[in-house]
Amino acid sequence: MKIEIRPSAYDPWQEVADFQAAANKLSPGSYGACAVFVGTMRDFNEGDEVRSMVLEHYPEMTVGQLQELAHNAMVSHGLIDILILHRVGEIHPNDPIVLVAAWSAHRSEAFNACREMMEILKSKATFWKKEKLVSGERWVGKNTPA
Amino acid sequence: MKIEIRPSAYDPWQEVADFQAAANKLSPGSYGACAVFVGTMRDFNEGDEVRSMVLEHYPEMTVGQLQELAHNAMVSHGLIDILILHRVGEIHPNDPIVLVAAWSAHRSEAFNACREMMEILKSKATFWKKEKLVSGERWVGKNTPA
Amino acid sequence: MQIKVKFFASLREQMGTDGQIVESSGPLSISGVWQLVTDYSPPENLLCSRNLKYVDWEESVEDGDEVAFFPPVTGG
Amino acid sequence: MQIKVKFFASLREQMGTDGQIVESSGPLSISGVWQLVTDYSPPENLLCSRNLKYVDWEESVEDGDEVAFFPPVTGG
């Protein structure tokens, strides 16, 4: 299980490939399903062009929150392994923000766990987005529910 | 939109990365969500060690079926783009079999479409698996429902 | 009329061939096509297609059609 | 007793600081901590944590606790 907060840009597909190749639990032939979600910064939100974004967080809380939701998903869905990355700091359009990946024997568990982890992360994890528009800045008010 | 039947092994994460970088519809900043599912061959099924597998299909049907389910998902979920790869031929444990990826503005559409496409593919697309065990061979009887 | 018949997977192995051409002079359904290729009842859950689309066993066929019989699918 | 108070995101900007230390001689709840740092009512939907866990406004605090106030989260 790997949970990281990233202060700089990352390539989500390379991260999944590297983790899958290196993780002890993901030995060849042991898993049959992997569900991945990647959330990426758009250049447009609520009708406005967005130039960049600052992702602030409460570091002492976020790391524990992500570890806890991953641990709960491992147990309740019987997963084989999990990878979660979350970006913080100054972000530009097309930068990946969040990556959640779940490996399991069969598809149902991986799909359910990946989605559930994303919903918990979006509703509970202590991150905040401030958008820089063409004119001015604004804090994003709240996340869209599932 | 890219739909392909693959007669030889492929790297699913490289395929997603390459498609995402090259697809005209996936211009930087245009998509906020990508949901991916990868189904991989396990070395164990229904209590038996599986050495290899042959994936047979009805080529004139499968290509059209995958195109149709992708087209329907594009329209009904308002997706931005889709990538589907499906392996055929002789397959070994740890080889990726199926890859389904959906890009959208927000997470709900990508998640729903990715799952829906996988369920339709598994219940309708004309592929058949024959497992080679330590002793003998057997056709897989049916897929697990969702 | 001529119908091109195909068999897949375990059915292909049971039939010992991946297909054959059947001929008929009168109207014919998918069930009728099956009866022309074998004396056995179709296995439970056997599926069929006509011209690359899933169809029921009562579906009528026409000259030049491609009809396929196959077990439940197991892709993905 | 001493409580370490933190503010995040829009609240941090409104307060003009990312936190402060408050002192109290008697029992104190999260609501009481808020009243020690500002005269304003808390904004609607404001969330709070005590020692890195979400808590209600009625939760009691103890000497040495870290209490944080912040708006709805918008990660992912």
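Which chain is which? They are A, B, C and D, in the order written, and residues in each are numbered from 1.
Keep in mind that, in the parts below, a contact is a pair of C-beta atoms (placed from the backbone, for glycine too) under 8 Å apart; a residue touches a chain by one contact, two chains touch by 3 or more.
Just so we're clear, the structure is a prediction, and the values are computed from it rather than from any experiment.
Undergrad: Which chain's centre, taken as the mean of its Cα atoms, is farthest from the centre of chain B?
TA: Following the centroid criterion, the farthest chain would be D.
Undergrad: Go ahead and note the Å separation of the Cα centroids belonging to chain B and chain C.
TA: 27
Undergrad: For chain C and chain D, what's the span in angstrom between their mean Cα positions?
TA: Those two chain centres are 72 Å apart.
Undergrad: Cα centroid separation between chain A and chain B, in whole Å?
TA: Computed from C-alpha means, the inter-chain centre distance equals 22 Å.
Undergrad: Between chain A and chain C, tell me the centre distance in angstrom, where each centre is the average of that chain's C-alpha atoms.
TA: Averaging C-alpha atoms per chain gives centres 48 Å apart.
Undergrad: Can you list the residues of chain C that touch 2 or more other chains?
TA: In chain C, the residues touching two or more other chains are 76.
Undergrad: Mind pulling the chain B residues that touch 2 or more other chains?
TA: 39, 107, 118, 122
Undergrad: Name the touching chain pairs, please: which are they?
TA: A-B, A-D, B-C
Undergrad: Quick one: in the complex, what on chain A touches chain B?
TA: Per the stated touch rule, the residues are 11, 13-14, 16-17, 20, 28-44, 93-94, 105-108, 110-111, 114-115, 118, 122, 144, 146.
Undergrad: Which stretch or stretches of chain D touch chain A in the complex?
TA: 6, 8-10, 45, 49, 52, 54, 66, 68, 70-76
Undergrad: Chain D touches which residues of chain A in the complex?
TA: Residue list for chain A touching chain D: 39, 55-58, 60-62, 64, 86, 97-98, 118, 121-130, 139-143.
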